[in-house]
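Down below is the structure, laid out as structure tokens.
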Amino acid sequence: MKRQIFTADHEAFRGTVRTFLAKEVTPHYARWERDGIVPREAWRAAGRQGLLGLAVPEEYGGGGTTDFRYSAVLTEEFTRAGAAGLAVGLHNDIIGPYLTGLATEEQKRRWLPGFCTGEIITAIAMTEPGAGSDLQGIRTAAEDRGDHWLLNGSKTFISNGILADLVVVVARTTPEGGAKGLSLLVVERGMAGFERGRNLDKIGQKAQDTAELFFHDVRVPKENLLGELHGGFAHLMTNLAQERMNIAVAGIAAAEHLLEITTAYVKEREAFGRPLAKLQHIRFEIAEMATECAVTRAFLDRCITDHAAGTLDAVHASMAKWWATELQKRVADRCLQLHGGYGYMSEYPVAKAFTDGRIQTIYGGTTEIMKEIIGRSLLS
Amino acid sequence: MKRQIFTADHEAFRGTVRTFLAKEVTPHYARWERDGIVPREAWRAAGRQGLLGLAVPEEYGGGGTTDFRYSAVLTEEFTRAGAAGLAVGLHNDIIGPYLTGLATEEQKRRWLPGFCTGEIITAIAMTEPGAGSDLQGIRTAAEDRGDHWLLNGSKTFISNGILADLVVVVARTTPEGGAKGLSLLVVERGMAGFERGRNLDKIGQKAQDTAELFFHDVRVPKENLLGELHGGFAHLMTNLAQERMNIAVAGIAAAEHLLEITTAYVKEREAFGRPLAKLQHIRFEIAEMATECAVTRAFLDRCITDHAAGTLDAVHASMAKWWATELQKRVADRCLQLHGGYGYMSEYPVAKAFTDGRIQTIYGGTTEIMKEIIGRSLLS
Amino acid sequence: MKRQIFTADHEAFRGTVRTFLAKEVTPHYARWERDGIVPREAWRAAGRQGLLGLAVPEEYGGGGTTDFRYSAVLTEEFTRAGAAGLAVGLHNDIIGPYLTGLATEEQKRRWLPGFCTGEIITAIAMTEPGAGSDLQGIRTAAEDRGDHWLLNGSKTFISNGILADLVVVVARTTPEGGAKGLSLLVVERGMAGFERGRNLDKIGQKAQDTAELFFHDVRVPKENLLGELHGGFAHLMTNLAQERMNIAVAGIAAAEHLLEITTAYVKEREAFGRPLAKLQHIRFEIAEMATECAVTRAFLDRCITDHAAGTLDAVHASMAKWWATELQKRVADRCLQLHGGYGYMSEYPVAKAFTDGRIQTIYGGTTEIMKEIIGRSLLS
Amino acid sequence: MKRQIFTADHEAFRGTVRTFLAKEVTPHYARWERDGIVPREAWRAAGRQGLLGLAVPEEYGGGGTTDFRYSAVLTEEFTRAGAAGLAVGLHNDIIGPYLTGLATEEQKRRWLPGFCTGEIITAIAMTEPGAGSDLQGIRTAAEDRGDHWLLNGSKTFISNGILADLVVVVARTTPEGGAKGLSLLVVERGMAGFERGRNLDKIGQKAQDTAELFFHDVRVPKENLLGELHGGFAHLMTNLAQERMNIAVAGIAAAEHLLEITTAYVKEREAFGRPLAKLQHIRFEIAEMATECAVTRAFLDRCITDHAAGTLDAVHASMAKWWATELQKRVADRCLQLHGGYGYMSEYPVAKAFTDGRIQTIYGGTTEIMKEIIGRSLLS
């Protein structure tokens, strides 16, 4: 089924992204995985190519388009290339909106140009050892010290945690508990008392640095408050829909790509004197996955269009998130199996997709949290 | 997610169908179920209301529109009303195209006006005791006797089998086997040697008559050949996509309706001192089904649009057929469970939907046959 | 895998049950289904054959064995025969223990002989329109009037509701709420104010009468209190494990029987020029179901042995209940599908098994309630 | 449910294995994983502890027991410890029987003592790049050169491929194709022309060396033929049941262990102000997995007993293999999810179990091949 949501401009941009990946990413990716991190130079290359800050106004060096479909194209291509370690989607779609949407003019000037060149790599730090799904449990706290905030606490599982130059930290700014009293503070590389833990050893996404962050009496200048004081929770809620769409878009793209690889594999691989594809079970596996992908694609493209138009609600973003990532998980598992022993070898894309993809149902709001959001809304 | 495929005209037509159902069908439906058949008068009422022959040119008394979306609206409303026993969709979407697409001018004049008034109720007879999924196994045969065909054989599971005035019979017209050599012959009520078996006792769809048909030396006039001699198989292939879409449209509509009923039920029903809806398991059930329905709806609406535009291929029609009907089955089972003991009581719509719906993954091409079609196509 | 839990005596008893079914039940069963009820004479025949009151001491006319394996044999054979409508298992395994375990000597004399001859058909009435899973919500209440209880309220979904001569009614005997304050009162046929509603129309188990019961100022003599005053809830808890085992035993037996029928069917039925059994998908279906049945059988036989030895706990009885009945449901659905159109015809055993079996995950404690029991226990 | 298949002797042996693991394996395991291989010294330690060659007659230095339950105990404990990299089970249960069952007296004297001390580490090489599921596709061939065989070809995915001192190689000894004409040849470390490829990079089981093996004009002395000339296929068939049981035993043990870890985790971990265990969804997850484990355990224990008694057939071994490993896979996935972000961190046992376990449904005969075996047998 031909997709109907893209124009020639989007497809041209797809070409640009593919070229970039083929030249700047794929040849080096295995090394980055061994290193557990992407070199800063790769970020700058992405910046030069215009891949950073698609939605940042041109005056700050960005792409100046709020059309989410460009983001979708970028995410799709990075996913197909198995290159999520260079976390451009996170930077653009997930952290970007906090800066473009909430920053003051002064802050924009300070941060956005570097954001777009790749000089300023970003992260967002919500999760803590004791607070993941339940953000109201956040304990990192900032005390008002007149001209600055005194920040104490720790965060964990922070993507770009090692590389980040700018971290949006969710912290409690009043002792009142719960959702109220959270604010967004921007912590920058080099601030005294801001330390990073080790680069966490994950079962997948090896090139992506994920780290613990520690804040010991970090003096965060008042100018680094992002958005409303005590309004952090509302800001998170506003921006989570796009985070979820970003992950969902990657989910369906991964599933489609796995299906493509595996379809080719079973046509090629022989057993019992003929291609696997001639076995009915294999045929049914492919038919079932192809159907699930086609069905999900129709939904996702509708969600992308709606989100680009600003009409996607939280319930549908949550549906897209859990459904597409659970599909990705199922498809990865089935495709690995269809590769037999080769599916277990790290060098096979299907093996890497299996381990890389496993996190998708967890971060950005777990499948279970998505179902809570949907269920509560429908049953209220 | 608001559906985007209908215009005001379609919605006006939806109103007409609802009114018709409320007045002419729902009040009598329980009786029809007990009788195992719908009275002919109901068909005539549908005809008067303009519900028969939507796609038949106006000159023969039909609606004159080939826009499949009207058919979809009609199927959706009949499904919501649990009124599939009055098999208007079968008549319009499945048998209609054979007549409008293949009949000669003379045949059109003979049959289409009655088709539209409800005087001529139709059926299509492919399946035989020994040939269901495998139509190439058909053994009913017609011998060329100069000015007529001499038809012998039997068919089974024929919907409208008791009521039908006109039956499109798939018969072998040359002794060469396989797909070649099948033709479509129209057998009419009253032809000597054409007999009907008993109205089959099914676990659901009680108001729909389903019967065996027997042909003993039936003389079918040459003028009753429909389409190409020996070209029956190709004619079937052409028309099966629409049959599958018709069933798929009913499938997703049934699922959505069940979800609606059940959402209301769990908000109302109390256990352990509060509504079932307050239990997390129940919330997740509803969230999962709502997601599956939303995802499938996006795909189906795309398929409906494509089919209306004449661009839907066999693979996607097959995907829609098996996916939507398997969803319907899963949702019916889960919704029944959520009703507890009440779900097992025939008077509850959810109970009826469970038994009525179970056939959907079987007729019109089983789930397994759909997967074969998809798999073969993708792996060739 | 040969079963290892039965002795020659059990197998001899199996022979007796089979003979009884073949002679007294199977030839008449279709009629009983049409009637919606089993004639009292069938109960008396079962009594004469020694099938009623297996666990009732011989002095009261019973079988005098507390070996649950005989019960299992009886349930298995009734299930294979599709004859659950003659609810001997309910009478023996579910209601019997209340009488043998809680009745006073005087009560035993009054009720057990008739229980064993089939003169006294029994029922147990827990469920109310507003209280199913949540028995603490029971509102039927009995007021102490000195020498009798004045009973008011209503029950629903009561198996044997029309036929029953003796109904164990769970009623509130003190106004204090919750689990405390429930007692078991025996209501007998003919007591003034005890009325039965209509025989409920179910989607399956057509020969089994299920009814609402109404109590308007029924004077229940003090001698009809069963067990401890206000101790009803504890009595229920004690006896529910056996109820669950009875249903689980039927569940796995049904699944095994369906598999047997369907294995034979796919070996026989031809499509595309050879038996269905030659298709890989069909082979996998059979292999998967056979594995699930074998795995479940091993567990169930262990549970039967443990229960016969008095060592089965509530958690494992709950596991057996939900697992075996959900398996039965899945297998019934798959086997129906494998029969194609024939699977939808009421006369086919697989069709009947599909509708008859659907209640199994609901009564005797729903799947969800079983999971609650297990989960709570493991996580406490 | 208390397991009933072990005696005090088995449990004493369990203690020995645990002590060994705690002392000799667990403290070093992370290093072995980094190294991608286990040091030979660990094998010798296992030998000293009496863990190698349980079934080898005492005269050759073995344990002298053919009671498979000891093997099961050993496999269970290695699995619980996440220590499958030290492939003692493979050595004992999978390769051992070829030597004890097929070797001549002279061969036994040559190989078995070292087998038991850990001086001779073994491997079996069936799979080739072009022949995995389909062993009849084996192309490695040995030409008869009078006093020796000239062996040419290559194998892949060979466990212990790097460490092995003795490799049982399946090779074609006559040019006639298919199952006939395969023989087992023992290739030993140091034979000229026998080379090993690199240690393959797998997504899990990092401490286990898996390698390609190459044979270029290797002169294998006639004395190294194992079993019947051209009788290799039959020998494989005889021994595959035990290979499958070994893997199945590991599968259920892994699932049970994961459930244990995760049950503890959800009782401990808090979100939304209380332990995860208080959430109904979590409770249901645990209840469902506990039920599946209990059900499968009953079946596996029956299979272990039967296999120890020599009565387990190929069909039931295949059922055990696919069912237990698919359960392991499902449970690993669900348990990982229940750990949230922590489940993705390599240091968490649940993460390692997820990647380590993924191969189980593939090697030793894939799930699909198991279903073929079962299906064919039941439908023949």
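To keep things simple, chains are lettered A, B, C and D as they appear, and every chain counts its residues starting from 1.
Operating definition for what follows: a contact is a pair of C-beta atoms (placed from the backbone, for glycine too) under 8 Å apart; a residue touches a chain by one contact, two chains touch by 3 or more.
Keep in mind the model is a prediction, meaning the values are calculated, not measured.
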item: Chain located farthest away, centre of chain A as origin (C-alpha); value: C
item: Identified repeat of the A-D interface (over half of residue pairs identical), from B-C, B-D or A-C; value: B-C
item: Whole-Å gap separating chain B and chain D, where each centre is the average of the chain's CA atoms; value: 53
item: Chain centre separation (chain A, chain B; CA means) in Å; value: 44
item: Whole-Å separation of chain centres (CA-atom averages), chain B against chain C; value: 38
item: Overlap residues in chain D, where contacts from two or more other chains coincide; value: 280-281, 284, 368, 371
item: In the complex with chain B, residue positions of chain C that touch it; value: 127, 130-134, 136-137, 156-157, 200-204, 270-273, 281, 329, 333, 336-337, 340-341, 343-347, 351-352, 354-355, 358-359, 361-363, 366-368
item: Partner chain B, residues of chain A touching it in the complex; value: 1, 263, 266-267, 277, 280, 282-284, 286-288, 290-292, 294-296, 298-299, 301-302, 306, 316, 319, 322-323, 368, 370-372, 374-376, 378-379
item: List of chain A residues in touch with chain C within their complex; value: 279-281, 284
